Structure formats: structure tokens, C-alpha cells
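Read through the structures below before going on.
Both complexes shown next keep subunit A, but they swap its partner, so subunit B is in the first and subunit C is in the second.
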Partner chain A sequence: MYRRITRENLKKWLAGLKAEAEVVAPAKVDGLFTYQEFNGRELLRSFQNTRLPPKGLFLESLRVLFGWKSQGGSLRVNIPSSFNGQRVIFGLRACDARALRTLEPVFRGDYQDVFFLQNLSRTLLLGLACRVQCEGSFCTEMGIDPQESVDFDIFFRESPAGYIAKVITDKGNELTGESEFEEASEEEWKLARWQIRGPREKPLFDLERVKAKVLESFPDEDFWKHISAKCINCGVCTYLCPTCHCFDLCDLQMPGQGVRCRCWDSCAFPNFTKMAVHNPREEKWRRYRQRVSHKFNFFHQNFQTIACVGCGRCVVYCPVNLDLREVLVKVAR
Partner chain B sequence: MNQRNEFPEGKNIYQPHLMEIIKIIPETGDTKTFHIQFVEASLGETFSFLSGQFAEYSVFGEGEATFCISSSPTRMDHLEFSVKRVGRVTSALHQLNEGDIIGFRGPYGNHFPLDKLKGKNLLFVGGGIGLAPLRSLIHNVLDDRSNYQDITILYGARSPQDLCFKYDLEAWSRNPLVKMVTTVDVGDKDWKGKVGLVPIVLEEICPSPNGAMAVTCGPPIMIRYTLKSLEKLGFTPSQVWTTLEMKMKCGFGKCGRCNVGPIYVCRDGPVFSLEEIRNFVSDEF
Partner chain C sequence: MPDRVRDELLVIATKLFAEGKVDYFLGYKKGTVKFKTSPLIACSREDLQELWVEDFFASNLCLYLKEIKSRVGILVKGCDSRSLISLLKEGQIRREDLYIVGLPCPGQIDPRKVAGATGCESEELEEISRRGGEILVRVGGQEETIPKNQAFLDKCLDCQYPKPLIFDYLLPGDYVAPVKELIRSKDEVRQKQAPDRWTFWAEQFQRCIRCYACRNVCPACFCPRCIVEENMPQWVSPLPSVGDNFVFHLMRLMHVAGTCVSCGECERVCPMEIPLMKLQDKMADDLRELFDFVAGVDLDKPLPFRTYRQEDPEDFIK
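For the complex of A and B:
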């Protein structure tokens, strides 16, 4: 099902949604693109993607899980108030939406993380097709079409007169039903597909081959030492990664009360696996190998998807230019 | 937009139950065993676990740490766990007194394969605090003695002062249906047991692999050499079981740190047969 809307009307529509939901859209803050509460006035047009992935809107960098109070020797644990306010995020990219779908099964399963799952279920995902291949990205190698996706409730493509929307879910349909949207044809949707600026002639690597070879090269210590030589363990690749989800549990305490939090952690840090007398990943090359092998093989063995969407954030923002694309090319060789 | 209440199941997997410490037994200079009971008695009535499983224990304000349940599922009036003082949470636990409240989440992980041990000669090889998970299984087996054949327990520590669970060691050595061997790396003038490293004593007592199963827990270095000795004695990899030690936080395969190859030690372990371990992609544990 396809719908059409002008640029002005889309803004009005989103602004109107603010009455019943929290509306989030990309904004430029201190020179960086980020997801922020929509001001109701302007939608960014020059934006490619945010520096931080939207994962933090679902898996918060710091999230209170429960609190406690001790009074006169007795201790009481209290549950944080549950939030079920609706939320709409506009402007999400296909890579980041796929990342959210990749994370979902991790937080489902026998032990459901209600915090993540509730954030997901209370949010409508409105995607926006890319027109430019981001610097450092390799989404197409990862099997993601930046202009086509089923990971959203509604996916928008820009057209000369505004936007053409593909309505994917019932929730999306409900939202666009009685509003500024007009019926559009599949033909219009197809016409709104842009020639992506800056695509590659041929893929950098074959994903199937990477998946198989990463397991094969796992025991090759020299290979991984060579690959990871310039890594400085800063962990920025994991913090900016839309699929990295490792976390720590930590306590914050004040007199008579405290809270336990879930906070982001990183396999790039030596402390991540440090035990009392032993650390299985003390050496840097082991940690780098773990990150690549986990994303491109181990995660797949558990959840049947690769834990990378090729957004390229780790490539662009690595302070020592350790380019994951080059690593994968070497792995696949 | 319809308002949906989406707190699925409404259950917070990170929230611990409150437990009261009812007894503290000093084992060695740096190790204590805690006996705990659910503050909410009804929880205690429905709680169940199997030998080998572990739990997450909280000292509120200091954090959470992972220990196996060292008591037996056949003795459910309280739970026991044993803690060596090595870091922040363990030090905080050591500061606590009887009557204090801690947090408890669990049980997590898999368990020792009782079905595979039934009808077999059993060999338990433990070192130091590594006796804790074995002790749960040993009590379990002894409480159901007729289902098993010969039982041999080999336990070692660095010195006589470092022996944990001395009350159990004494009871087992008095038990006519158990062959109990205790050894220390370095003895003293009062020591009457064996002196020598566990793997060496193991080869000395030379248990037969015929119709036998071996279960071993202890420090990584002891495990490594014990596995070699067992192999030398003729035990096949499917006859040998051990527990893997890995840093854990969540206990259910989400936080990521105990990942070894496709396996999460907390979710898929901590109990593995040597056969399974041999097939691991990685040796990082």
C-alpha cells in the first residue's frame, strides 16, 4: 500500500502526532546529527545518518532496572515505573532499522528483557530511503538495500513533490489512514527510487565467504595480531555500532538507597572478561578477533543473521583508521 | 493511536529475590560458605534447581557476582554458596553477618548429567574452592546412593589450612560406601593425608575407566593437568565432565562476556563434557 504526501504536510502531520506521542527526528546539535524530539518546524534534508545509532533509544546507554531502599534494617526493592507512552521516530535509515531487528531476538528468548522489548513495541519506525551512500558504509555488501526495507512501519522515499510512503504494517496503516496522506500507486513508489550517489562498481567482498572464512582463520594467531596491530582499544567502534549490545550491570548507591543499572560495555576493553585470577581475552588480538568472529559468524549461529549492517560508523570514526571493510576483505581472501 | 500496555509478562529478569543469610561458615582464611533462605517463604517452596547450576548474588550497592549453588537439590530447607574473597562483591559478602539480606537470581545454566551418571562408577576430582559445585552433586548422589556404583572422591588444596568443606571431607572419609582421598601440595606436621598435586595423586590411585564417569572442578591449571591424567588412565572424552569458568554478569546469554565461539557459557554451560570442549572453536576460557 502506497501513499503520497507533500513536504509541508509531512511536517504538519508529524507535528500533529506530538499531541499523542513523543515524536523523534534527526536534528543537528553542536554540529553533529542526532535523534531528538521533533521541534515541529523543520525536517533536516542534508542529513545522511546520525553519528550515534538509534540503538540508544531502545537499549539505553544507562538504564535503571530497579531500585532499593533500606529503612530500619529492612530492605525494599522497587520496580521502576513502566513507560508505555507511544513514540514515533522519523528519518531512520534502512541499516539502523535492520540493526534493531537484529537485536530483537537477543532480548527475546526464554528470558525477556522487558525494557528493550517495551521500547520496541511502543515505537513506530518511520524510515527514510538514502540518496547518498554514506562514507565508510558497506550496507549493500551486507545485503541491505538503502532504498528498500520491510523493517519499518512506514518507509518514505523522497519525490520531487514531497514523499512517497510504503505502508508496511497495520500500525503504519492506522497512522496514515485519516490524515494528510493521499493514495499513491506502486508506479510512483518505483519512480521515487533514486540513483544512489557514490555506489561501488562491484562489491568489496562476498558475505558468505566472509562468514565461512572467519571461522577458518580463527586459529591463525599471526593473522589476527597483524590485523589488530593498530587498534588502541578505545571501544568507539562498539559504542557507535548499531548492533553491538554487550552490557554491564552496575550499582549506584546513596545513603539508604540505590539503583541497579544496565549500561553499555565493550568487548574491546580488557576488563570485559577479567576474572579474579584469569582473563581469557587479555591480549588485544584476541578481543579484536572476538568482535569480528562474533559479528560475522557466532551471532549468525545463534540468531541466523549477521550482526553487522554495514553502516560504516566504525570505519569513519575509528581514530586509527582500522577499516573493518579492509579486515573483511582480508578475511575473505 | 491506541495505548497498549506492553510490559510483556510484566517480569523484570534483572530483579533479584531477597534472601536472608541464616548461617556463615568460615571455610579457610579467605573463603566462607553462606546458608541462605528466601525472605518470602512461599518462594522457597516452589524454588528448584539441579546440581551444577549457578545463580547471581547481590550485595545491594556493591553489585552482583556469580557463584554455583553448592548445596544439594535433595536438601532444600536452605541454599548454600561458597565465596572466596577476591574482589569487590566477594569482599562485601565477607563483611556480612547472619541475618543480613542479599539478592538472589537464578538458577541459571545447565547441570551435571545425572542420567548419564546413573549406574556408573563415579570419580570426583576437585581442587580448592572447586569442590563447591562438585559437593552439590556428591550430596545429591549420596542421597540416592543405590543408583550408583563405586564412588571415589579425590580432593586437593594448597595446604591443610586451604581445605574447604572439612566437615564434608570428614563425613565422606567415614562413609564406608565412599573412597575418599585428600591431598595437599604442601603438608605440615599434623597432616596425615597425601602430599602431592591432584593430577599426580590421581594417577597414583589409578581409578579404572571401565563403566566409570569422571567429574572434575577446580582451578584452570589443575583442570588442564587432570584432564591429561584422566586421558592417560584411559578415560574417553565422553566419560569426563567439567565446568568452565568465564566472567558472567547477566546469567542468561545477553550481556555477551561469557561468549566462547557460538556458546554462551552461562546459557549453554557451565557443565560440559570434554568431548564438547574439544569441539569448541576457541580455547578462550
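For the complex of A and C:
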């Protein structure tokens, strides 16, 4: 099902949704592209992607899970009011949406993570097709088409007059059956496909080969030592990654009361696997090997999908230019 | 950078390996993304083939001396050499383990500033190169030139140490400040009243995700186990709340006082673009004023926070 809408009407429609839902869209804040509450007027015209991935809207970088207070011999537990207001996020990219779908089975497995799942179920995902190949990205090698995706409720492609929208879910259909949208044809949708600037002549690597070879290269200590030598063990790649999801629990306590919070954690940190007796990944190369192997093999073994969408953030923002694309090419050799 | 510099560097570095004088050579290689240079940790002559010297963000390689404790050859610009002096004074490296090669620096280009000067987004920049005394920029297929002082890192506009203060070999070139009239960039935040400064920094630290890139890239942060990683007791919460972020950053600032040489790496690597150099510059100014001390310059001058004398001023202790 396809619909058509002008730029002005899209803004009006999103502004109208604010009456019933929290509407979030990309904005430039302090020089950085980020997701912010839509002010009803300005919609960012051209941007590649946000600095931080939208995962922070589902798996928050800091979230209070519950609090407790000791009162006269008994314990009162206080669970913050649930986040169940409706929410609409516009301007998501195909890579980031695929990342959310990749995270879903992790939080909907043997244990249902109510915090993540509540955020997911209350949110309508509105995607925006890319017009440019992001620096450092390799989404196409990961099997993602930046202009075609089923991971959204509605996917928008820019057209000369505004947007052509592909309605994917019933929820999306309900919302766009209203006045501002007109019916469009599949032909219009096809015509709205952009010639993406910055294409590559041939793929950097073959994903199937990477998946197989990454397991084979596991015992090759020298390979992993050499390739991870310049890593500085910070959390930039993990925190900017839309599929990374490791977290830490932290209690803040005073006598008689406290809160338990969840925050992001990084497998690149030296103490990530430190336990009372032993740290199995004391050395940097072990952590880096684990990071790549987990994303490109172990996660696939568990959830039948690769935990990487090729968004390119880790490539561009790594302080020492440790390029995952280079690593994957070398692994695949 | 002229090829002859690169060629001479290759000769020196190859000789160091051939003569068994070093186990590693720290240099640069070509970056794989726009406007970036990658560090090169060469373990052998073969690795040296990737040696490259480029114009962008030739980062401070001294950070690897925190990890590499054997004999190492290292490429340093004038500003980086101050880190070496700092680390020597702190007893973190030994002079006899180092072979220091000096690199002439024409000033480091900051793509963010170039984007600001040309009125575009950083991601829209297509190419940046030097043309004579100006910087040539290409955006959307169009070329324009901007003056050097609009393209360089702030620290380069105020370069006091273009020539390495410690070295074994100097590569050919001019060791002069990249900009003729040294302009100390004005920090408007510092002019504000305390409540406004607090608001400014609270906004900045709201963005901090506690990735610790700033800490890990810093040559002055050489503690094997950082205090934020202690949890018995938890001195600083790992939670990225504004309060805890304030504590982390200000505490780090104080901890590196006297060792920090304002190399600017912390600000460069921050993925959230927090202007950390404002803090470091203020601290450097305070050190100069209160202790008549500049970090990483004088091998013999005692470190202000590692030494004590009876005559030390006490009037600021209330």
C-alpha cells in the first residue's frame, strides 16, 4: 500500500499526532544530529544519520528500574510508572530499524525484558530512505537496502513534491488513512528510488565467507593481536553501535533506601569480564576477538541474524581508526 | 607532506629495526575514512611499508607508551614531545627505551572547523587539501579556499612549541608555528558568571555517555586501574547521570594537572563533541599562574603535585 504526501502536510500530520503521542524526529542539537521531540515546525532536511543510534530510546543509557525503602521493619519497593504512552519516531534509517529487530529476540527470549519490550510496543517506527551512502558504512554488504525495508510501520522515500510512503503494518495503515495522505501507486514508489551518491563498484566482502572464517580464525592469536593493537579499549564503538546491548546494573544506596539502575556497558572495557577469581579477557586482543566473533558468528548461532547492520558509526568515530571493514576483509581472506 | 619526509622516515625506522634497536615503531598510516590518519604500531620492517604522514589529526602517539614498555621508536610533533617529557618526569617511560623522531608540522586541520567556516555539515565535506598558505575545500562539487587560521585546531593557532623539545632525530622541514600571528582563541564560557558556567557544563555533561575515549586516549591518564573502575567502594558511579559525569570529568582534570600538555586528543576523540579543551586550557592557565608551571617543557622542573616545599604558597587555603 502506497501513499503520497507533501512536505508541508507531513509536518502538519506529525504535529497533529502530538495530541495523542510523543513525536520524535531527528534534529540538530549543539552541532550533533540526534532524536528529539518534534517541535511541530522544523523537520531536518538533510542529514545522514544521528550520532547516537535510536537504541537509546528503547534500551536507555540510564534507566531507574526500581527503588526501595526500608520503613519500620518492612521493605517498600517502588516501581516507576511504566512508560506506556504512545510514541512515534520519524526519520529512522533502514540500518537502525534492522538493528532494533535484531535486538528484539534478545529481550524477548527466555526472559521478557519488560523495559525494552514496553518501549518497542508503544512506538510506531517511521523510516526515511537514505539518499547518500554514509561514510564508513557497509549496510549493503550486510544485506540491507537503505531504500527498502520491512522493519518499519511506514517507510518514506523523498520525492520532488514531498514523500512517497510505503505502508507496511496495520498500525501504519490506520494512521495514514487520514486526510493529509493521498493514495499513490507502486510506480511512484519505484520512481522515488534515488541514485545513491557514493556507491561502491563491488562489495567489500562476502558476508557468508566472513561468518565462516571468523570462527576459523578464532584460535589465531597473532592475527587478533596484530589487528587489535591500536585499540584503546574505550566504549565508542559499543555505545554508538545500534545492535550492541550489553548493560550493567548499578545500585545507588543510602542507609535504608536505594535505587537500582541499568546503564550501558562495553565489552571493550578491560574489566568487563572481571570476576572474583579471574578475568578471562584480561588482554585487549581477547576482547576484540570476542567482539567481532560475537557479532559475526556467535550471535548468529543463537538468533540466526548477524549483530551488525553496517551503519558505519564505529568506523567513523573510532578514536584510532580501527576500521571494522578492514578487519572483516582480512578475516574473509 | 612532502614525500621526502616520508622517505627519510622510512629509512630511519627501517634502520632501527635492522639494527635491533627497537621492538616497535610508532608512526602513522593512511586513514580509511575521510580526514583521518591512523596510528601505526609497526612490529617489523614489513609493517613500516604502511608509513604515511598526512595533514589531518596526526594524533598524539605517546598514548601507546602506556601500554608498550619495551624499546620503541616514536614519531612526535612539537606538541606531542611535551607528553614525552611529562611521562619521563612521572617515571612512566625511560629515556633509554625511546628513539624519538621529530616531525615538522604545518598545523593540523580540523574538519569540524572547516565545515563551520564553509557553512556546511561535516559529513558534506568532500575534500580538504592545502594550497600554498590557504586551505582548499570541496563541497557539493564546488571548490573554495579558506584561510589557514579558520581551518586549524585551536591549539595550532596558539602553537608555542613547533619544534620537539626532546628528540634523537629531526626530519627535514620548517619547525615554525603554523600561523604567523598567534591567536589565543577567546573562550566565551570563561567570561561568564559562575551560575552560567555551571549551566553550560551541565548541558555538556548531559551528553556524556561515559565511553572513556577521552581518558583512554590521554597519555597523562596512565593509572593501570582508574578510580571509576573501583566498586569497593564505588567512588564514582558508572551511571551517565549529569552529576556523576561532572565528577568524572572534573576529577580527571585534577588528576592529570601537571601532566596534561593540552594536546587536545580528549576533545578530538569525544564522540559527543564535548569541548573538553576548555577545561584543560583553564587548568593549564591556572597552573601557570599559581605554580609558575607549564607541563611537559622542563625535564628538571619539579612537578607541582608530586613535590612539596616549605615555601609553597598557602594563601589560597582558607
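In this section, the second predicted complex is superposed on the first by the 330 of 333 C-alpha atoms of A that agree within 3 Å, B and C clash if a C-alpha of one lies under 4 Å from a C-alpha of the other, contacts with A are read in each partner's own complex, and residues count from 1 in each chain.
The definition used in the following text is that a residue touches a chain if its C-beta (ideal position, glycine included) is under 8 Å from a C-beta of that chain, and two chains touch if they have at least 3 such contacts.
Note that the structure is a prediction, hence the values are computed from the model and not measured.
Superposition of the two structures on subunit A leaves subunit B and subunit C fitting side by side, clash-free. Once chain A of one complex is fitted onto chain A of the other, the partner contacts of A:Asn84 are limited to subunit B, with no touch recorded for subunit C.
In the superposed model, A:Thr123 makes contact with neither subunit B nor subunit C.
Between subunit B and subunit C, B touches the greater number of residues of subunit A.
In the superposition on chain A, contact is made by A:Asp248 with both subunit B and subunit C. In the superposed pair of complexes, A:Ala276 makes contact with subunit B only, with no contact to subunit C.
Touch criterion met: A:Asp323 reaches subunit C, while subunit B stays clear of it. Angle at subunit A (Cα centre) between the Cα centres of subunit B and subunit C in the superposed arrangement: 90°, in steps of 10.
After superposing the two complexes on their shared chain, the closest approach between C-alpha atoms of subunit B and subunit C is 5 Å. Within subunit A, the residues touched by subunit B in the first complex and by subunit C in the second are 248, 250, 265. Within the complex, the subunit B residues that touch subunit A are 1-16, 18, 58, 60-64, 84, 86-87, 90, 101, 103, 219-220, 245-247, 249-250, 252-257, 259-262, 281-282, 284-285. Residues of subunit A touching subunit B in their complex: 20-21, 65-66, 68, 70, 75, 77, 79, 82, 84, 86, 106-107, 109-114, 117-118, 121-122, 174-175, 215, 218, 245-251, 253, 258, 260, 262, 265, 267, 272-278, 280-281, 286, 290, 293-294, 297-298, 301-302.
Of all the residues in subunit C, the ones that touch subunit A in their complex are 31-34, 36-41, 43, 59, 63-64, 112, 121, 123, 203, 207, 209-213, 215-217, 229, 234, 237-241, 265, 268-269, 271-273.
Within the complex formed with subunit C, the residues of subunit A that make contact are 30-32, 46-48, 51-52, 61-62, 134-136, 226, 229-230, 232-236, 238-240, 248, 250, 252, 261, 263-266, 269-271, 315-317, 319-321, 323, 325-326.
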